[in-house]
Amino acid sequence: MDFDLPLDEARVYRPPLAVPDDLEEFWARTLARIGTAAPTFTRVDSGLVAVETYDVTLAGFDGDPVRAWLHLPASSLRAGPLPGVVQLQGYNGGRGLPHEHVFWALAGYAHLVVDTRGQGSGWTTGATGDPAGSGSSQPGFLTRGVEDPETYYYRRVYADAVAALEVLRGHDLVDPSRVAVAGGSQGGGISTSVAALAPSSVAAVLCDVPFLCDFRRAVAVSPAEPYGELVRYLAAHRDRVEQTFATLSYVDAAVLGRLATAPALWSVALMDLTCPPSTVFAAYNWYGGPKEIEVYEFNDHEGGEAFQQQRQLAWLPTVLGA
Amino acid sequence: MDFDLPLDEARVYRPPLAVPDDLEEFWARTLARIGTAAPTFTRVDSGLVAVETYDVTLAGFDGDPVRAWLHLPASSLRAGPLPGVVQLQGYNGGRGLPHEHVFWALAGYAHLVVDTRGQGSGWTTGATGDPAGSGSSQPGFLTRGVEDPETYYYRRVYADAVAALEVLRGHDLVDPSRVAVAGGSQGGGISTSVAALAPSSVAAVLCDVPFLCDFRRAVAVSPAEPYGELVRYLAAHRDRVEQTFATLSYVDAAVLGRLATAPALWSVALMDLTCPPSTVFAAYNWYGGPKEIEVYEFNDHEGGEAFQQQRQLAWLPTVLGA
Amino acid sequence: MDFDLPLDEARVYRPPLAVPDDLEEFWARTLARIGTAAPTFTRVDSGLVAVETYDVTLAGFDGDPVRAWLHLPASSLRAGPLPGVVQLQGYNGGRGLPHEHVFWALAGYAHLVVDTRGQGSGWTTGATGDPAGSGSSQPGFLTRGVEDPETYYYRRVYADAVAALEVLRGHDLVDPSRVAVAGGSQGGGISTSVAALAPSSVAAVLCDVPFLCDFRRAVAVSPAEPYGELVRYLAAHRDRVEQTFATLSYVDAAVLGRLATAPALWSVALMDLTCPPSTVFAAYNWYGGPKEIEVYEFNDHEGGEAFQQQRQLAWLPTVLGA
Amino acid sequence: MDFDLPLDEARVYRPPLAVPDDLEEFWARTLARIGTAAPTFTRVDSGLVAVETYDVTLAGFDGDPVRAWLHLPASSLRAGPLPGVVQLQGYNGGRGLPHEHVFWALAGYAHLVVDTRGQGSGWTTGATGDPAGSGSSQPGFLTRGVEDPETYYYRRVYADAVAALEVLRGHDLVDPSRVAVAGGSQGGGISTSVAALAPSSVAAVLCDVPFLCDFRRAVAVSPAEPYGELVRYLAAHRDRVEQTFATLSYVDAAVLGRLATAPALWSVALMDLTCPPSTVFAAYNWYGGPKEIEVYEFNDHEGGEAFQQQRQLAWLPTVLGA
Amino acid sequence: MDFDLPLDEARVYRPPLAVPDDLEEFWARTLARIGTAAPTFTRVDSGLVAVETYDVTLAGFDGDPVRAWLHLPASSLRAGPLPGVVQLQGYNGGRGLPHEHVFWALAGYAHLVVDTRGQGSGWTTGATGDPAGSGSSQPGFLTRGVEDPETYYYRRVYADAVAALEVLRGHDLVDPSRVAVAGGSQGGGISTSVAALAPSSVAAVLCDVPFLCDFRRAVAVSPAEPYGELVRYLAAHRDRVEQTFATLSYVDAAVLGRLATAPALWSVALMDLTCPPSTVFAAYNWYGGPKEIEVYEFNDHEGGEAFQQQRQLAWLPTVLGA
Amino acid sequence: MDFDLPLDEARVYRPPLAVPDDLEEFWARTLARIGTAAPTFTRVDSGLVAVETYDVTLAGFDGDPVRAWLHLPASSLRAGPLPGVVQLQGYNGGRGLPHEHVFWALAGYAHLVVDTRGQGSGWTTGATGDPAGSGSSQPGFLTRGVEDPETYYYRRVYADAVAALEVLRGHDLVDPSRVAVAGGSQGGGISTSVAALAPSSVAAVLCDVPFLCDFRRAVAVSPAEPYGELVRYLAAHRDRVEQTFATLSYVDAAVLGRLATAPALWSVALMDLTCPPSTVFAAYNWYGGPKEIEVYEFNDHEGGEAFQQQRQLAWLPTVLGA
């Protein structure tokens, strides 16, 4: 079980980072390619009486359509501008069915559940494709276009997430100064990166057992998927090791998170084989804003689950205000 | 993957049942031992604004305390007597944290989430112990007291569930004629059995991928837990095979379900290694009330998940009425 | 081990096929989209003295560039027009390094080793991307664009293979009437389909343990990858089962192979968990041309390997002529 | 394979212990609850001519009946008061059938093979139930009642073992000053703890690859059952970590063994995934009496087996005397 | 779990056998090569007082030395000529240490525990090598010399076992008319074969979950070792399938057992992946003598263990007489 | 994944070696037993036009016949004396079919592909038996005769390889001063050892991911086969640990390689569970000649494959000369 650093070493693990010289310029260019079409909101009947749900299509990277659900507390439950939560998804999942991911709406937030392009054929379903092709890649999303930061898959994903954030902030019923980004695993990595790419738009971050952190260590330590995609890719393309890590440094949440400023509540699980705890601490320790972290000593990648939700329900109002 | 009957054979699989002569007398005696103490309801703050939650303690078999959550739609969302849903848990789970299992409350129902005694240290937590001990048993709950129907663990569990049903039906805000029992896996087996033991109290059944059905076939076909507990028990106690199946026939949802009369919506998954489809069809085909079944061809024990919930959201009002 | 039909049943297994009404029209439209740019041939030094190797770029579906190696026997070893072999790759592989797949050149054939677009990051490497994106898909290639035959990944792959076939037939040193298509696993499925789509161009087929055959049975029987991609996709998208199989019927080598006319040598392995023997026999029994099959009773997906190569070395001249 | 400390570090591993303030008072109270009913001995025919066997029922914790076999060397093989061995069982086992565990009787000892309450449905069978219930627990025995030392399962088990020891010492044919306790795995942990709880009654200890040692490290290091029960329990009850280890400290053989005084022969296996070697050394290094340990470098939890028995056959007479 | 025939089909499964024309001649020639040197018996101290043990070296096939232990009940426990049991070992085991396998001596029999040449580096140790080399073979013993019955490994093993049988029958303290052969797994297959090769010397057979039966079905059905050795061998030597099964037919316990005449008690386990139940029934149903079989419905290859021993303790005297 | 030393520690890992006092004398005696019969060369038709192949039988240890293929570039491809490569096989493989292992012939070398006695029933087939028997051993080749260096299996294997080397050097078409030894895994270990045993005959070494290095560490670190054979052997023969390692020190490529003088190109894979990287570096760091090593960071035991071949194609001429 001792597959990673012991907790006391992990707590202070803050590895040197390979920060690309043009990191900020690259992302400025990237965000400039977000589409400008206005989002559409179509009311749907989810079967729930406590939540009011809209099917959202918004313009992501290169204007590609990105699908989301907007869940609002039922009208009788709300008063005044709502705080908001943008929820990013774990690897292979999607926004799901209309009644599926409504947690933050139940707690009184405007809750935007955003698809991850191309994904959504796994534990929950999605409705958003990725029109961009890629070079030779491993099955999975982690190596698509990885031969160059310009073509890398997560470039588009992060830009989509920033676009979604601004869509929620721009909604009539939402207080744009009180919007959080949230997610677990891949959703945690995206949340942290969004907080770095749009620091003035993010009021809080909820980042659980994040993926996409400290890739070089992750591929050495994690025996599980999806980091295994990278291992297999590099096992095949033995001549592309440095080039691949160079691309990855543009999307590494440990690299990007330094630029974030919003207060953040993280969680990490010490038996997490999918997102090894040291890689989570690597990103946490480099994170630029005020921060707290919950440590779940006996959990694998499921992390804190309902216990962490309880913690978040209590913490979020303390940073977003009433 | 072809570990069980093909679908067309499974659809008509209705095995001969070993119905104990004293089955109904046994259960009449059992239900007579349900405690008579009044339930207690204590308001708790779950952190959600859409749901009103109470911590419930009710008297189960032999009066043993059983814990539950009562979730009501927030007061602004309700009008008139509420229809109700009693939710029984899957193996190893519990009622969870106060904000965790609120689905039916969001849909407008009084939702009672009931612990399974002794369980609740797995995928969700519980707060209800089982004061009864047992003879020599395998790790797990399936062989506790299995040497005799009088001492068998599930005797107590089924009685607890009937007690919980009556508690919800007796609540001031609930319409006692419009209460359903619901559950997946172990919760499905309990639900069906409760519908058989208290037919006049159950208005509908939602039974997903049920456990506790057609034990003799289940232990031969399922390569997975928890039926494996029985396999290992019988592998050790080579001299107790017939005695063990005799006890199990008292709690077999295929045996009991014949006595149910409420309309029921079932689901089955054809790649379900935990609760093999033939065993589900065995119980479904013997079920005594009006019934429909959704077949999920490519799913393992997770079954229909959100897709089945969507189906249930539409179906339940058609049998409970407005 | 008895996971599939016994040999005597498999030998006569010829399932009813769901042949799309517009199958031939669809493929005519598809092949019409093959690019018209002339192929390029660049001599490379593979380090081998026995083989003369060229790096080939040819125009595939929609004119997308497809990479290949052309291996010729060293000039001192050849005389007169050469018979040819187009080799298609197994799933996840690519054309490899210049010295890697030279088998048929050693035997005196012009040997064209063709990439599979997007693949080539696995057991051998490739250099060909897939510029087309896709909708929500499972990690892997099998569900990319599967929501519609028009967008399905294998539409493009088959068209690329037909294009490659014509490139080899058009080479100055090659006798266009004596060109075979060959491959194992995915390469077997593609070879058979190419023989169906371009029957007048294919003089022989070498088809080993083919993939992409009799999908409906394959996903029910195979416990392995890559058919598992389809299982997981359908487990998520529970509402897309029929639509998905409708798409797959356009590329099913059992459906297409009926249209082939070239003599073929197949092989099948009875313990093949990846491409179950019954699915191979389904395609073999429907295959339209003269045919023979080698049965390897104790092999998994590796099949006959060098033993089958030996068989092929002897058989191919008997159909291609001297 | 290097999942634990290297041997040289393990040999000196003597971790700080969390000794409860009221440890000795707790156990004094516990042993005071051992039943006072006289044991019963019923002669049975085991089918063996070399051993004389009695079915024993003795009063354990709270007077609960505990079953055992007493095996004596056949009468023609014995002369004078016999030295004795009380054998405690490995996890999930029981006293077995009458002819099953007779080793020490063959060597000339009065051999008492004692059930572990509730267990005995695994590799050997038992006949002793546990009348005490428990709170919410994981499948298995390790978390039953673990919420409080008063209710913890192993409190009762250890008291039963002390009771059994005194029963053997009180038998007419036995020399009460020459009785050893023995066991492997769980039986090793119990043996060591009994030697601590009844130091004046134990003349020697045979402790092989013991379980129930140094829990905090064990759950971090062991990837196997049954320590996994604790991992899963704590993964669910994320809020009970400290409370759980506080309970465990009352039964930790490393904590208790400090109080033992009898000479002891231990064994440890360096590839033991079930009872990791460092946890064995933790208890060994804290053990209070004279001691020796055999190290099996290449064994998993089976340890030294017949080789260690041979060692024990030679060693035991040297400490018990002729 | 349903990996083999259901019980009712297995009970009557009596496959056609490929009996070699020269089977009896082959074995006559083979037994004629048993060495004629007198066995040696050296008293050893096993540490047990109930058993008197001798280290035996006897002359096996080609006179090669074969090691065994002879265990006698202690002298005070015996009177008159002793009945005997020759115990053959399971695959990979050996005679063990002197105190290890003494069961039948405890029950009053002269017990000869015989090594299997070359084996004995597994679950128990042996001291007997195999001086004969072999051709290309898989790791393991099952394919050594399998290219020809003359050189096949089990030819030597069976001859050794016959030699050992005659050694025990020739011992002064043994009644040669009351000697049984016994064994589980490989030991069961050898026992049955010995009963066929020396029918007038064998008074009873104890055959548990036998290996070496109905090879053609076994390799198709068993997913486990050691039959897997044959699968891998034939997967490599794709051209030696018929030749290999021709050799195996000389040692198949289903083929040989037809020639046996002694009363036999068998056992079979329905979940036995190592020696699938149908292959056991194949041999049982062809067995030539009077016979009974115990069926263990829920056991894997461990079979009936102590329960079967209890059955054997009762049965053996009924056929050997007092 | 971090199952072995990190790269920077592995690079300098040069463990103390247990060099037997009589190492060189032992091997001198051993090589003196190589047979003196002249090799035979029989032309075979492999079906390839680029290679000229001969079936070779040569005299190995004690004159035992050893089979090999001699592959020459087709006559039109060669001029003058050829440089040569002797290729030794990986564990369980053999020389294969005549067309199977021709790589170095394609590159212009006389290529001798040598069987490993007794092996050749695995991934490729062999035709060479081992006439020598052995004592009690584990399934596999690693423990055959390991009780004494005189009888140990690899003694014979290394001698065979030296014999093969001299056969190739003695061939009319070969330049004896320009012959390399090559192999991966077991073939790497043998190659290095041959370079040590016949330093004046070896002009270069190609050693990939070698097996048979630094046994003491290998058995502690590798969780895989075939080192597992040793683990299981020592787990059984708990009393033979030192004796076994004493034997192994005679064939350890780390011990022997010190005596080599030829330039060598090695490769190592950092995720190699079969031949852990530290054990490869142990041998590499002790290797006596000029040396280079390629490190494959993300590969398991497949190592560099075609990439390493490419490297070797370039490197070998630099040391053998034109």
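Read from first to last, the chains carry the letters A, B, C, D, E and F; within each, the first residue is number 1.
Operating definition for what follows: a residue touches a chain if its C-beta (ideal position, glycine included) is under 8 Å from a C-beta of that chain, and two chains touch if they have at least 3 such contacts.
Protein identities per chain, from UniProt: A, B, C, D, E, F = Acetylxylan esterase.
As the structure is a prediction and not an experimental result, all values here were calculated from the model.
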{"item": "Reaching chain F from chain A through chains that touch each other, fewest steps", "value": "1"}
{"item": "Numbering shared by both copies at the chain D-chain A contact, with half separating same from different", "value": "different"}
{"item": "Chain pair with more C-beta contacts, B-D versus D-F", "value": "B-D"}
{"item": "Distance between chain centroids, defined by C-alpha means - chain B, chain C (Å)", "value": "50"}
{"item": "Averaged-CA centre spacing for the pair chain F and chain B, given as whole angstrom", "value": "63"}
{"item": "Rounded Å distance between chain E and chain F, as computed from the means of their C-alpha atoms", "value": "39"}
{"item": "Multi-chain contact residues (two or more partners), chain A", "value": "124, 232, 307"}
{"item": "Chain contact topology (line, ring, star, complete or other)", "value": "other"}
{"item": "Listing of all chain pairs that touch each other, if any do", "value": "A-B, A-C, A-D, A-F, B-C, B-D, B-E, C-E, C-F, D-E, D-F, E-F"}
{"item": "Of all residues in chain F, those that touch chain A in their complex", "value": "1-2, 271, 296-300, 302, 304, 307"}
{"item": "Chain A residues within the chain F interface of the complex", "value": "3, 219-223, 231-232, 234-235, 238-239, 241"}
{"item": "Of chain C, residues touching chain F in the complex", "value": "47-51, 73-74, 76-77, 96-97, 99-100, 102, 105-108, 124, 306-307, 309-310, 313-314"}
{"item": "Residues of chain D defined as touching chain B within the complex", "value": "92, 94, 115, 118-141, 143, 226, 229, 232-233, 236-237"}
